[in-house]
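Worksheet for the structure shown next.
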Amino acid sequence: MAKTKLKVGVVGGTGYTGVELLRLLARHPEVELHAVTSREQAGRPVADLFQNLRGCVELKFTPPEPATLAECDAVFFASPNGTAMTMARELLDAGVRVIDLAADFRLKDPEEWRHWYRMEHACPELLAEAVYGLPEINRAALRGARLVANPGCYPTAVQLGFMPLLEAGLIDRGRLIADAKSGVSGAGRKAEVGMLYAEAAENFKAYGVAGHRHWPEIRQGLAAMNPMNSAIGLTFVPHLVPMIRGIHATLYAELLAEHDVDLQSLYEKRYAQEPFVDVMPAGSLPETRSVKGANLCRIALYRPLGQRIVVILSVIDNLVKGAAGQALQNFNIMHGFEEGLGLDEIALLP
Amino acid sequence: MAKTKLKVGVVGGTGYTGVELLRLLARHPEVELHAVTSREQAGRPVADLFQNLRGCVELKFTPPEPATLAECDAVFFASPNGTAMTMARELLDAGVRVIDLAADFRLKDPEEWRHWYRMEHACPELLAEAVYGLPEINRAALRGARLVANPGCYPTAVQLGFMPLLEAGLIDRGRLIADAKSGVSGAGRKAEVGMLYAEAAENFKAYGVAGHRHWPEIRQGLAAMNPMNSAIGLTFVPHLVPMIRGIHATLYAELLAEHDVDLQSLYEKRYAQEPFVDVMPAGSLPETRSVKGANLCRIALYRPLGQRIVVILSVIDNLVKGAAGQALQNFNIMHGFEEGLGLDEIALLP
Amino acid sequence: MAKTKLKVGVVGGTGYTGVELLRLLARHPEVELHAVTSREQAGRPVADLFQNLRGCVELKFTPPEPATLAECDAVFFASPNGTAMTMARELLDAGVRVIDLAADFRLKDPEEWRHWYRMEHACPELLAEAVYGLPEINRAALRGARLVANPGCYPTAVQLGFMPLLEAGLIDRGRLIADAKSGVSGAGRKAEVGMLYAEAAENFKAYGVAGHRHWPEIRQGLAAMNPMNSAIGLTFVPHLVPMIRGIHATLYAELLAEHDVDLQSLYEKRYAQEPFVDVMPAGSLPETRSVKGANLCRIALYRPLGQRIVVILSVIDNLVKGAAGQALQNFNIMHGFEEGLGLDEIALLP
Amino acid sequence: MAKTKLKVGVVGGTGYTGVELLRLLARHPEVELHAVTSREQAGRPVADLFQNLRGCVELKFTPPEPATLAECDAVFFASPNGTAMTMARELLDAGVRVIDLAADFRLKDPEEWRHWYRMEHACPELLAEAVYGLPEINRAALRGARLVANPGCYPTAVQLGFMPLLEAGLIDRGRLIADAKSGVSGAGRKAEVGMLYAEAAENFKAYGVAGHRHWPEIRQGLAAMNPMNSAIGLTFVPHLVPMIRGIHATLYAELLAEHDVDLQSLYEKRYAQEPFVDVMPAGSLPETRSVKGANLCRIALYRPLGQRIVVILSVIDNLVKGAAGQALQNFNIMHGFEEGLGLDEIALLP
């Protein structure tokens, strides 16, 4: 008897995380696409909006009907912040597993959520159940999870970069600096003057310096990385890079004392069993293009000129390991599939 | 008993067609990479030069030893023009199938080859046997072929674009214009000032206007497309686009008379069975990014303002359908594999 | 007694032609900026919207009040199509000279205007008076003109490219092809998904193939270039290039007969006295970046492989010679200033 | 009697700082270009190599003959490191003023120079006389100077960013972090695979993390900014941005104590009289494109979330305020011209 594939729905399929998710799902051997929703594009073939999906995705966009989504085994929310929280309860009750690629279930504290996202949380009672979907930390909790909060793109790159040092208690937790750079697809597929080619090309700038929504998410994650739990002092400055995909986080931490610890070996051991984290050889310079289209975080670390400052370089594709790929990795873990199923794509270079 | 994979060699694995071929071969289920050669990089891990291949290709570059290559079932030449012709005879004699991604076996006339490539041909006696690897024309001849000349990137886009009209005898063969635009990876991975980011970015220019090596190749191909065989008059102007991958050929042809022929339907029928040619609906505008990383040619056609001029828009990824992907398609046909094996990748968008 | 500068107004100063015009006007020795209008941005300092103008332009945007504009000696319309025609009459009556960078006064036939711009013309009686501002053709008429229609960007590049051949009657007027490529700033500073960096970068596509508004403008211009006046057959295909500025027109024309005419010399003579047209030496490849920020059209021409087809390459900066720079050149001519005043900027390369 | 212009020579005119210098010098009212040297391109018209200079620079490249250069009033070295030091003595003795845009006279300690540049210094006795050409610090010393060391691009952006805080003694000198990002033209116009468009576009990476030559230069400059002179601890990480021009330095410093000092006002006062430093209003985000082609440094500062870390954002065009423009500013000061002569260009945006 033929094995049945899982029925999968995608809510909000018209953005960049949406089309990337569809690209990956279309080739996943255990997945059958059941619905791709968009209020605005309802009735239009998905492959008409995204030429690259011609011949691969036959569905049309449908309005986000709860009844249709309730027929799915799993639903991905690639929608704006504040969408998943209004539908999650109903879907979970219908036995559907939910993976939210937006921010609704990332922060554990609903007050903090309200502060940063300027909305009342619609289902704060689900926050405790939601598993933060960074497999390198929460793999056990993800197995069988019903509700997963897929991490933000910056938080993925920054947390994976700092994690081994924080877990080992080697650095000053009050003096962490994350200077992060992202390609423009991180801003989504919205018509905004600032994201026009003629505005963003041949230009580099910081943004959100006074305070960015990923800051509390990163801080929450870093704080949980060590039992001793002294306060995290984190400065986070994101920048916009004239490229489509990729995040490069340059992380600065101060060693607590002169250690003999071999940091390179610390990282290599920590990530030895991780299929999607690549600690590069000492002296390497990870390039964002080396992960373009691939579900990977590549990391290198330095102690420049023998000083007390450790510099960690951490790169991901914001749409893959920073969004759709990690969501699929979580999906695989939740359902007991091989973790890398449908995620074997090699980065496109050049 | 486990089925044995085919041993495959790649000569000249340090260029862009080389790394693209390796990306595809690394995931091909019937292929075992046996050797990747480079005189200059011999001894260095391939994945050290191309970060994207870390964890996927374990080989080191080796010098191009005939003995090692003779152990292969098939050898791809991703080397400069003039390389394959010096090794093909020996490999064929050893029972190795040869696919040349360079120009050595593309022109049937050795005199013409000498004129355009400024070298004496090393094995003119093989030119007759070599099959020009455009599957949409030569599929039958490719089955079981020993020696395949993989088409140039521009010639692939231009020939597929003009073919249905020429085969149907509808256009003036003496007035063909191909205005073609290519991303910079078409120039290869050579240290040249003109290809620096600071020279090629934010710039657009024509080149090779007085005469380009792909002109005789295209003309030869077009000339063979119709028995009546009146002389082909072709003007071909290539341009450099500030992007990495992609070719867009804008083709102009003059209808011989006022026909009632439905051109859209002519193209759809001609390519209905072709897995890697996509005739888009009337009114479409094919984008090069819709085939980025994918083995596809997408085509649309127009008669602007009802005039006698037909405009055909034809796009490919120069490194995939224009080089490595088509080479793998030919490899599959030569060996009797399913034609799309290892070529199911969906274009990366955005 | 100090000489008085001319008071100049700019209507619609928030777009790309607007900011470019302000950049040039701010350094023009005979100009005093009197008003820069924008309904939406009224009250905001111009230099707050355009960081590059900090310290150079002190004005705030004001609403487009006729009274304020009537105080000017000259008013530039850098506004959307259909704006200038509603205000021109009033300004002219007040003695203000008007230069429209949009399309309102480009087409001589109000019917044709309605067909292509889908609006009724508001002052068809002014169309006869309006001078088409291509100085290389209409310099005499521009002297003292009250109302100038600044040419479109594509029409500037295409007309200057074909002009010498058409004037000399050497080519088949029924078989003209203009394959034109433009940077994205040509689409203006409007929030549109298709113009986002993540959509336009690393991509190349044609657009408007079925019919583009610059087609009737170009045809009207070409038709006027020769007394014999046989019908112009023009195929015009514009393309979008992933770069901010620049137009490259690749023009194809068929020689009427085998001539002995030295085409290079024909072009050099035709443009010998033109300060802003540069006929490059035979064999040159004009690059769009060679005119970035400069009021120049550079041209080269070829007869590839000795065939009957002439290929002309014509490049401009769409925002300068294709818009703001040409407008200022017209302004200078209208007012009897030295034609190049304030236009001496050298292109920024790289 | 007509005033005589100064004769100026440029050694090494084939690189990006060279062409930028020529663009500026060609419009400088007090300058007559006397010689532009290049061993390799000798005999070729400068405007043949750099299309943008057609019609503006009539000279041909000449070999770097001391006799010709000695006829100049001033000579700019836009040559590789190690060139100026071999010719400076002779030129100074001939009464020629020398401005070196390379690194030969930047470091005061010849030992340190040897360590970082791996050459013996050819004229260490001139190091004391050489004035470090950052006008915002050394304006007085520059007046009448014979020999000027033009600062590096990163050092300009970083020093101007930290200066007010260091001078005021408000920050921990041992914990300075400079995370700097540069466009690719900073690497020069050399044929290198890593700088090809297909390598550098759509990519972001750090480089020189283990130690970069601008580190000692920055440290030397910062150390001199305050009498108390406790040791500078500086971590400097440069990155490569896929754009042609522009540097964005993101600087991190820790306030020594909770101050009431108004940092915004501190910066505004410090730079109030500086024509080429623009302290932007609180909350601004300086963009590199806002200084493209202009001799300006724009600065903004933040204390994110009220923490002890100050974040300074400092942008320049690496080829202008970071090289050729600053050299011309120094030239003006040295010769007693108005400091901004020939430097009034407004940044090109978009």
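Order as written gives the chain letters A, B, C and D; numbering starts at 1 within each chain.
As a working rule, a residue touches a chain if its C-beta (ideal position, glycine included) is under 8 Å from a C-beta of that chain, and two chains touch if they have at least 3 such contacts.
What you see is a predicted model; the values in this text were computed from it and never measured.
S.K.: Farthest chain from subunit B, going by mean C-alpha coordinates, please.
M.R.: D
S.K.: When A-C is set beside A-D, which has more C-beta pairs in contact?
M.R.: A-D
S.K.: Compute the distance, rounded to whole Å, between the mean C-alpha positions of subunit A and subunit D.
M.R.: 39
S.K.: Counting only Cα atoms for the centres, state how far subunit A is from subunit B in Å.
M.R.: About 36 Å, centre to centre.
S.K.: Using Cα averages as centroids, what's the distance between subunit A and subunit C in whole Å?
M.R.: 46
S.K.: Using the touch definition from the top, which residues of subunit B touch two or more other chains?
M.R.: Residues 16, 183, 185, 189, 198-199, 201-202, 242-245, 286-287, 289, 292, 350.
S.K.: Quick one: in the complex, what on subunit B touches subunit D?
M.R.: Counting only subunit B, the residues touching subunit D are 16, 183-185, 189-193, 195-202, 242-244.
S.K.: Which residues of subunit C touch subunit B in their complex?
M.R.: Per the stated touch rule, the residues are 175, 177, 179, 181, 183, 198-199, 201-207, 209-211, 215, 233, 235-237, 239, 241-246, 248, 250, 252, 254, 283, 285-289, 292, 302, 304-305, 307, 309, 311, 313, 315, 350.
S.K.: Mind pulling up the subunit A residues that touch subunit B in the complex?
M.R.: 16, 19, 23, 26-27, 50-56, 185, 189, 201-202, 244-245, 278, 280, 286-287, 289-294, 298, 344-350
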